[in-house]
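Next up, some structures in structure tokens.
Each of the next two complexes has chain A plus one more chain, namely chain B in the first and chain C in the second.
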Partner chain A sequence: MALAAGRGPGEPRRVAYLYILPALLVFGLFVLVPLVRTAQFSLYEWNGLGASTWAGLSNYQDVFTEPQLRGAFVHALVLIVFYAVVPVTLGLLLAAAMSRALLRGMGFFRVVLFLPQVIPMVVVAIAWRQIYEPNGPLNDVLRFVGLDSLARPWLGDYTWALPSVGIVGTWVGTGLCLVLFLAGMSRIPRELYEAARLDGAGAFREFRAITLPSLRGEMAVALTLTVIAALKTFDLVYVMTSGGPGTETTVPSYQVYNNAFLLGRVGVATALAVVLTLLLFVATVLINRVGERGQR
Partner chain B sequence: MTISRGERLANYAVLVLFAVIAVFPVLLILQTALSNDQIGGGGSFHFENFADAWDQGHFGSYLRTSIVVAILVVGLSTLFSVLAGYAFGTMRFRGSEVLFYVILLGIMVPAEALVIALYFDLREVGLTNTLVAIVAPQVAQSTAFGTFWMRAYFRGSSREVVEAARLDGAGHWATLWRILVPMGRPAVTTMIVLVFMWTWNEFLIPLIMATDESLRTAPLGLAFFQGQYTSGTALLAAGATLVALPVVVLYLFLQRHFIRGMVEGAVK
Partner chain C sequence: MTLSITRTSTRLCAAAAVALLIGACAPGDDGDDGDASSAPTAGDVATDPSELGDITLTVWDQEVREGQTEQIEALNAAFEETYPNITIERVSRSTDDLRTTLRLALSGDDAPDVVQANNGRPEMGQYVAAGLLTPLDGYAEGYEWFDRFPESVRALASYSEDGATYGEGDLYGLPQMGEIVGLYYSKSKLAALGIEPPETTDDFVAALQAAQAAGEVPIQFGNSEPWAGIHEFGFIQNQFSDADTIRNLGFGRPGSSWTSDDNVAAAEATREWVDAGYFVEGFNGVNYDSAWQAFAQGTGVFFVGGTWLVADLTSAMGDDVGFVLPPAGASDSHLVTGGISIPWAIPAKSDAKEAAAAYIDFITSSDAMTAVTEAGNLPVIEADQQTTTGLQSEVFTAWAQAGEEDLVVPYLDYATETFYDTLTVAVQNLMAGQSDPQTFLDTLEAEYSAATGS
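Up next, the complex of A and B:
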């Protein structure tokens, strides 16, 4: 993220205010005001219809103590492993293992590998629901190779529902990471590797001393995109499981929606939204800090 | 560096494996969409499923809503972003840094932190269940991103070109539209492509803001449709194909813009 605003460029001009007016107006009305109102709502108890009562920080207390709400954040952490940690690790290992010789047809592979990123999440969810069906392709394959005991209704299983949702995140993120890291690898000067080899460095040392530091920027981008996607998961859960079975696959966004519009707990829902927003801020800043430090 | 044949083959094997995994769910949906739901029907490719989804599944109506929403969001946010990005990128004025940082923070705010309060406040003034309620928050979010994006372009634009235009007697308005915007076509295209994709795929905002079926966007219509039918049916898959088609086609033509945009605009 290029945050440095530096000195304002160009010459002083009053007319600038006219140029930024429409943007500021729409931004203020539909981002700033609702954001402030969300924070305000989170301090009240309200069912969305009647009168509201001052609640202080009790809604925030609920967010951190109610098992179902806390559980949603735990699930989000699990999803980060599937959405971010696995794809980034996998992408790094594969990119490093594939020697950096120029491969023909990379353009084609890039288009295909990146494809999951652009498909609407609802469509992705419908495709994967079909894969996980009791008589879907996944169970078919398991039965075909004689692992009948593993076949199950994946999304209805208390243990496997959350990992099943997570795998979809892995599917969405892995191609992105692979594309990013392969592009990054192609920019590392080959002399570095040749010099390392002359020094007698093994594959592991090469990876740690050259590949990893050189890909810091790409890793920051990949982690930013995938961690945010994990924390903001909504469509996927809404369509695939509605948070079930039980509350095994609820996530913060889903609980925001659920509490505000299905349970009539607007205060709790907005408190959750505030906590989620802060979490997103912290994650983004932390990841980019680490990424920038590597670039020096 | 020369590599052995075996190594090269191994590289391709890895790429092919992951490419197959990436397209498998897509092909599964396509295959299901073309399959035969009714018992006793013949033929192998059932394109009539798309017609059925369009009419019976109301996907024609959902897609129309999505197109209207996309045009409004992309059009308005592009205009606002170009104007604001021009001021932030080329002019000096009091408060510019503070205002820009506020907008930058706004990019990171998730829709979850806006829609609930916005829904109840818009309900007060009778604006829920309207196009405005679906479009306006998305214009605001996309304008935040677009301003950040266009400012970066305008800052990097050549000083000399702007000076030359001024010597020719062009004012700031003419300089923007006759010189800088045409020169910045790639940056503008990338922004439009990204905003279009985000708008087309957006789910939470239309879900909360509109309950009328006539205002359902394509992803929303699809989600409700699948709630009524069991998964794996041809009609559902045909609907899913129709919903994904516009974005995927655009992606195939402008993939460089998609990839570059998502990588460089990783803030969102």
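Up next, the complex of A and C:
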């Protein structure tokens, strides 16, 4: 036969590269080149203006030893709880509840819960900054119901500033998770539930034995998206707190910006960016590994 | 076989590409090493812009508050009318946004022609060190800036050529406005308390106590954008430390110490005032604009703020607002933080420097100083030649007194390239009770002494 061994049908492989060339060029120019340059900058000490000096790995040493930079990563980990763990859990519970009870106006609730996703983050941040103000709506409500002792300047409070930022992330992320899970649930054959019910399974058992395993793929997607959002948070912190009070709400992305553009420490900023990129990469791979394992 | 060769060559290609990228020149090393020697000498400055031909002048400013936009737009229009051959392309951003973008813009090949660059070490100092700004001395002679602008004003925008020494050397920018951070007060509230505007720290503390006893918020304050804290602490420090100490600390010159007794007293007073409840509750969670707006709407007897708020506060409060220099404390003089508004400079890579200098001269001319005044601001020179009423005239009086008695001390964040960050965090921590006065001062002293080698 004409088909040579080791070659698939159709045009030769090299032609295939031509098809992806335009996309590859754009990708290379706007993603790969900047990435490599960033990695290169991270090995220098440079103020962004004048000449630079070779610094080896000392910038990376700073990232892991300077309390302020290390603190930023700790804050990012805390934010993962608010951005990823809570929304996925809430989304699951809401989806399970919504799929069981056929509410009137389901569409309406779905839209309302998804709404935060379509509002630009800066608008979200400004709105919540006002909600959290010392004399803002949140404190007004607390005082109105007699919980005066709970009222506080949320974003200026050393204990509560980070959770306050995190809760905004929860508010934004829950809708996304819910919609993903609802879509996933609609693919689960009704027969499975019927069979389970015939076998005498209750609501909780149904959820654990059918819904949860069927949603593994969706959960992987939801976790990937929300964990990435948590680790690379910038806009909320920039608008709501500028990293304050003190350094209680600094996050890696904010420190990248602060060091590169305000402090003139481009080397440290890029080293931080490289570490953050690696962290995101590892998190994504891990989550997807776990997600895939279940589907096999 | 063919397949494996293709793979190997692809890998080789990729490796080569990476090597090429890495091998590319080190960051910031673009061949032409910041040689700003293209600055003119007095003889060859053309001071008639109408002979320069058709020019588009790109101007980056941060004049976005009420009164500032008004005057700069009027001056731009007048400039274009006077010199029809020059078109101004104005790019205006908030102070923070300008600061962020300027760094890249100055080092790029397509630099703007005129920019407002903050005069402290974190910005202008670094730009000068990197050779990104044009020394203006040549133009200054041509336009007689040395005669019109006093030494004290020019020093605030002067650096040695390597950017290491601040306060002397070449002139790198000219300001339009003067700026002091004084004490705004509500006239009706003070009258209701039966108190005069405070002259001394003791008066001030008595006024705060009286305000508190009457159920008023003594000092309105918002520190969620943490630079406000620099002004607030400066206001207190001015009442405890002497001018030389604050100037050494602010300009990053050796000879003083953050841990001296007077500074300890200032830091302790700050804590005491917070603990006594003199500042509005939750100030670390309030942003600056909300704070002065709350003051304008009647929450707060005092507000520590800069003269850039004059136009805003006048239109919000009318005759109810007054302005005085900070009370005199231990040093027995009304020291006041301030100096000049963000000066106008010419990037080294501008391709229209002569037109840029003409523009700077135009917006700082005597006519411009009148326009600045009419828009509700404080002109940096010739303030005594203007006619003003209300709050503005009180501010002008304070400015004149500060000039005559040499009371102006620099912003504390000028000190080192990273002092802004250190100080803002430290003040937030101190005022929130997260660190005690000693820790606060030790933090600042560590950075100051490392930078000055003292």
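Here is the rule we go by: the second predicted complex is superposed on the first by the 251 of 296 C-alpha atoms of A that agree within 3 Å, B and C clash if a C-alpha of one lies under 4 Å from a C-alpha of the other, contacts with A are read in each partner's own complex, and residues count from 1 in each chain.
Please note the rule applied: a residue touches a chain if its C-beta (ideal position, glycine included) is under 8 Å from a C-beta of that chain, and two chains touch if they have at least 3 such contacts.
On a predicted model such as this, the values are computed, not experimentally measured, just so you know.
By the document's definition of touching, of the two partners only chain C reaches A:247; chain B does not. Once the two complexes are laid over each other on the shared chain, residue contacts for A:282 go to neither chain B nor chain C.
In the superposed model, A:258 lies in contact with chain C only, and not with chain B. Of the two partner chains placed by superposition, A:74 touches none, neither chain B nor chain C. Of the two partner chains placed around the shared chain by superposition, chain B and chain C are both touched by A:48. After superposition on the shared chain, chain A has more residues touched by B, the comparison being chain B against chain C. After overlaying the two complexes on the shared chain, residue contacts for A:126 are found with chain B alone; chain C is out of touch. By the document's definition of touching, of the two partners only chain B reaches A:193; chain C does not. Looking at the shared chain after the overlay, A:266 reaches both chain B and chain C. In the overlay built on the shared chain, the residue A:37 is in contact with chain B and with chain C.
In the superposition on the C-alpha atoms of chain A, the part of chain A touched by chain B in one complex and by chain C in the other spans residues 13-14, 33, 37, 40-41, 48, 129, 133, 257, 261, 266. Against chain A, the residues of chain C that register as touching in their complex are 3, 6, 18, 21-22, 24, 26-29, 33-34, 99-100, 103-104, 106-107, 122, 126-127, 129-132, 223-226, 280-287, 290, 417-418, 420-421, 424-425, 428-429, 432, 434. Across the interface of their complex, chain B is touched by residues 1-3, 5, 7-17, 19-20, 22-24, 26-27, 29-35, 37-38, 40-41, 48, 94, 97-101, 103, 109-124, 126-131, 133, 136-137, 171, 174-176, 178-180, 190, 193-194, 220-221, 224-225, 228, 232, 234-235, 238-239, 252-253, 256-257, 260-261, 266, 269-270, 273-274, 276-277, 280-281, 284 of chain A. Per the touch definition, chain A reaches chain C in the complex via residues 6, 13-14, 33, 36-37, 40-41, 44, 46-52, 54, 129, 132-134, 152-158, 161, 241-242, 244-247, 257-258, 261-266.
Of all residues in chain B, those touching chain A in their complex are 1-3, 7-8, 10-12, 14-15, 18-19, 21-23, 25-26, 28-29, 32, 76, 79-81, 83-84, 86-93, 96-97, 99-104, 106, 108-110, 112-121, 136-137, 139-141, 143-144, 147, 152, 155, 172, 197, 200-201, 203-204, 207-208, 218-220, 222-223, 226, 231-232, 236-237, 240, 243-244, 247-248, 251-252, 255, 258-259, 262-263, 266-268.
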